[in-house]
């Protein structure tokens, strides 16, 4: 509860030209956030991966084929005034948009599993616990106390490692500082990425790297100033806080949905 | 649901939506109570005994 | 059964109804009274099982010896709170029996020597989904321990631990009153109780803003136009509830 | 008063009305929902004090620094060490999920003795004393017979103190038969030995290169030290350093490269020489280096000019002539261009000719021992133990020929040829091997042609595995003496693969041993004690930890605190850099394509394995988390997909998702088809690292082990395994 | 045996036959109950739903039965508010069908949620911005209304009616029924609309998203409209089936024709509105989000055929049959029209739930198709079995059809014969 604190807007910039598709972000996220696993995880439609790396291909024949990897965390959409696609549909207020941090939260113990938010999310960033989370005997020892394991029957998703923000804030309070420094609050995927493809920080803070890279334009729906920056499904108006960078035009066209619409020409 | 619930805000949405709902529920409640009480009174007055 | 029989039956039933009015009312009252006793007296007895602590502990005595709460319940360098002391902390003094109490003997024999952590039952243990920052409350908001924990620091022995058979939590979370009433801030520790306090704070801030319309107008209307990226957080950070957002207290 | 139906009804209604006015229904409703929020079968991780321990990851040869987050005494997360010279905070999926190995179901609980047929999976736990006693007895008996050479050992790593300890043990025991699984690093080492005249590792100064030409190296697919390579590649992106990938299929590296040259498989050396041709004929090479510091330049130059003109090379490689010319010019004109070699992750050694051809290309532009080039780094020489005393038995044993033929003609400069060992034993052409000790290796899975390996193991009556995990080889052993896992033990890591620094990393116990395991180093010390003088005398240390501390000497404290020490590298000037007879760099290497195994008529396609960062392909196996990241176009249920070009599939009547039988001269497997334009027509690409049969249900029986379908092909120049694929056939199943 | 419970002056099949019938349907019911218990005890992994199909067969079934159960509110609305007295002959049946549909919907919802024991959070922690909250509240309240409307019918059972209190209660409830019906109509208009809003507000799902007025997307109005149009269709459809099975005429033709006519005009106006909505969405709304029309139907399963079936086969054709006097008076055409109508509205609910999930919003993703598990099918059939049983019981014991006696007054059979004496042969024909 920080009254009149500076309004943060935590966001991410992912450089698709640096991303190698190694999957470290996915595993870092699973390890950080007590994500469960099953014996068979090959049905990707019921496999919980808060951070998922998609493989995009340009569809051209050999040897003109090209591929690109696109890591997809929760976009923490701001929508219009915090009404992201998933937040306003939740009937039990189990998910929420924080105007203080810009994080879309999810309370697992409040969620009763109607899955409306999953229907609402165009990014498939929300996952349902179809099964009880079960760890092989003894393996529950590695579970982190900072993130509560989710029970069967509820929806979960990427939290931008909010617990790290909580811990960083506790430290700041203990040291009687007002603010958490940029490097003090970084998500697990950002920290792990061997390519340094993920940058995380406060989009509202011009000193933060994310803000410097994309320079979100507050007067134009927070689109990035950079020519090579785009947001996934920009046209839907979800106003996501995850920006992507790539020099490859085919990737940008495929992802931001400007290819069909009337504005196909200009971006 | 109720003003003392954490989620409650005194705003237009809550007043219109919950207001409408409580209004409807009140009508149903009062209606049913009326029917029940009247049925008890009628019965005590010996109405409805067949033939 | 013929129609004739039916008619006869109905008439006799109706007659019985008139005669039995008192009986019916009596049974209604009986049922009512029985359920009241069941719900208000028997049910709470059944709902909680009383469990004893591994051994008794005298807060008052320890407080006298070490001087303050912080010696045992302290903040770590990273701002986290240590909570219930670990065995290692106790062993600093209690490597061997110091006093004469039976409880201390139990402690030293059963826990200190085999190096076994004491399985304390914690009255204030919250569900795993709760994130609670002692630093935010004690250091930043300068709250007293007693606001939430009551006067446990001056107690001379541990009260019995009443465990809810369904939820596994201490009765102190719901409160001793089965109806959920409370007189002190520390009587209950449910989400509503956290919310109550937080709401007062949010409300106070809102009032403060209301009192100064110029500042309020500047903050809410003018400033965002000039510095679109440098907005101040609105009072109450949740878009849904206009209060604190979920993740403030949940993990 | 009459107790009738009505009274009862009245009682019930009264009860219901009353109940609604008590807390009972409401409290029960609330408590039941709290119960669902706290189901007793959902674990609650205990909280505590947070701390970090710095150590080194040994799950691959990359040598990344890791720091393990602890909550009280529980390890809860592995993270990369910020500022570490190798990985600077970055970390790979395998390294991240190490705790799943530590606490996982694959761990061997304690010493186990086989009670039924090999591989039947029936074991009885025995005490450590009995286990060590049994091994010591067996070894003592063979030594007593005067046949110490009948004991063979395989050690996963060739470097570090533990490896030295094993080597010392085998030496004083009297057996020359110590092998390690070969990789591209061995071929590279051998190439450097021939061209530089020194025993050295190749270090690549990639951070300072300004043009990178990779001959099939999976730069971001696990080649070298994987995290460091990925970091280097990001650096190139930032500095606009071009990366050109020469590879038949669109690997992740090829997709990430600025330019992908879809070369005909197996003709990479020809392309290297074609580039050399352009550089030579256009005079773009480093005159200073070739003229003053190299030997054999003229004949090599003549060989290149005669046989590798761009249009000839275009014929061989399928790369257009002007592309070759253009690329050669760019490479030569770069200030610090460097060419890399070693297919994919470098799991198999490959042709040493090819290695030398690529290295010659580097030499041609003077990229040897130069900033941004290739450096020959001698091993860090900190293991300084007094020479061990040997008795006659040991001396006689060591006189016998190595069973794998390494060090003997025609492979005099080979140090270990593991694949030949298994083939020789399986074929029964050698003196019998009576006992095999396996340290940190899993040959039954990682060696090509696993059927032959199994046949070889069948002929060895006594196999002892020291594996911490229930891998395929330990499942086939007679005794398992489980080592601590890397997070529970001390170990040193010398010089991560391909690094341009001299670095020693320390692995140290982060948590107490989770199972009844013992450090394999301590077990060797105990075994040597069991064997008595003179073997015991060679091991004066009380414990492995003591040995390690003594060996590392002054560095010990810094290692314990930071997890690593880095030593400066001073590059010798060209005039003193080479240890060859001429004292100069020797140009060598040509294009001598080794034919793939199998008849092209019966097996018209070519099977090539590919590597992925999401699948651990070596001794370490996939963790549940990693398997979770594997796409459903690779693995679906237990079925594995092979990737083929639609053109290839069309000709065989195969469609997406169909089951097919993939057969090679070495075996066959049931697979499914995934069509992709990323694979060259005529090739069948298959991931390396699946198809485990041991470990745990989260890993076992998922997919097919590519090594079961591949066979080794001896490189005539080195004796190492030069196979990069095998002829194959794909038919509808 | 149970003849004393029959409504006055009507004929029913023998008890054994009825028991056999209930037993047979009961087996299906038990199968559904078994599947339901599996879902509750083992969790939703028993279904074939997945993270792409969070909403699947059940939500479709929910939306469909609520649309089909719309006959209750709309007939009630016409009867009590508009004052079409003629409809009193069918209102009981409409209420019964509505009661079945709504109780089924609530049951399915209770199975469908991941945490049934926390289901009450939707009320307690209500988020008023969510269409689903509105649905939950109005649905449960309207279910209460239907119960209130259904209770007098139960109280009118010949034996219950003899108890003075119950007789009086039924009488009093009838007196104020218009108030209940009006409240019900109010609630119904909203929750039918909210169900449309459930899909229509999903601005992240360009297949579902519709613009609209204030907080309501066009689907909000279209759903209410379609429920009003197609609900009565379903009532007539079930009436015709019941008449077929019982071999009796139960409702006067004039009543059916009136309802069919109103339904027909509602349908015609609805389907025109729906067509306009579809065209606007395909040419304006969806392209604005970056999607062309072809994108949504570019699949072997989900193709333009669905649109044709929904709008032409299940929309215009039945509407035109019903608005024409000739059409609705021909028993064959009438039945065809109500059948097509039922199919049409079910298809509409299907695409608004399942195709929404199937369309790959991220262009690099693939179409997601799914087929339900047997547990999902069984739990979806469960309400059907339950409905059949409730209709059978109500028909047998309650005066559902006020005109039944009058319409089936066979002069040969005197009132005295009503009960046990009924010949077995005749009963077989009437079962």
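Labels for the chains are A, B, C, D and E, by order of writing; each one numbers its residues from 1.
In this text, a residue touches a chain if its C-beta (ideal position, glycine included) is under 8 Å from a C-beta of that chain, and two chains touch if they have at least 3 such contacts.
Computed from a predicted structure; not experimentally measured.
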Message: Per the definition at the top, count C-beta pairs in contact and tell me whether A-E or B-C has more.
response: A-E
Farthest chain relative to subunit E (centres taken as mean CA coordinates): D
Query: Whose Cα centre is nearest the centre of all Cα atoms in view?
result: A
Message: Taking each chain's centre as the mean of its C-alpha atoms, which one ends up farthest from the centre of subunit C?
response: D
- line: Averaging C-alpha coordinates per chain, one finds the centres of subunit B and subunit D separated by a number of Å equal to 74
Task: Round to the nearest whole Å and give the separation of the Cα centres of subunit A and subunit D.
output: 33
- line: subunit D and subunit E have mean C-alpha positions lying a whole-number Å distance apart equal to 63
Centre-to-centre distance between subunit E and subunit C (centres being mean Cα positions), rounded to whole Å: 45
- prompt: On subunit A, where are the residues touching two or more other chains?
  reply: 43, 57, 83, 88, 93-94, 108-110, 132, 148-149, 151-153
- prompt: If you look at subunit C, which of its residues touch at least two other chains?
  reply: 10, 14, 17, 78, 80, 127-129, 240-241
Query: For subunit E, what residues touch not just one other chain but two or more?
result: 115, 118, 121, 125-127, 129, 162, 164
- prompt: Mind pulling up the subunit E residues that touch subunit A in the complex?
  reply: 43-45, 49-55, 112-116, 118-119, 121-122, 125-127, 129-133, 136, 198, 201-206, 287-292, 295, 356-357, 361-365, 368
Task: Report the residues of subunit D in contact with subunit A in the complex, numbered from low to high.
output: 36-37, 39, 41-48, 69, 71, 74-80, 87, 89-93, 96-97, 99-100, 102-105, 220, 226-227, 230-231, 233-234, 237, 250, 252, 255-256, 260, 262, 514, 613-614, 624-632, 635-638, 645, 647, 676-681, 696-698
Field: subunit C partner contacts - residues on subunit D that touch it in the complex
entry: 1-2, 4, 6-8, 10-19, 21-24, 27-28, 31-32, 34-35, 37-38, 40, 44-45, 47-50, 72
- request: Enumerate the contact residues on subunit C facing subunit B in the complex.
  value: 7, 10-11, 14, 191-192, 195, 199, 240-243
Task: Could you pull out which subunit E residues touch subunit B in their complex?
output: 123-129, 134, 137-138, 141, 144-145, 148, 161-162, 164-169, 171-173, 175-176, 179-180, 183, 186-187, 190
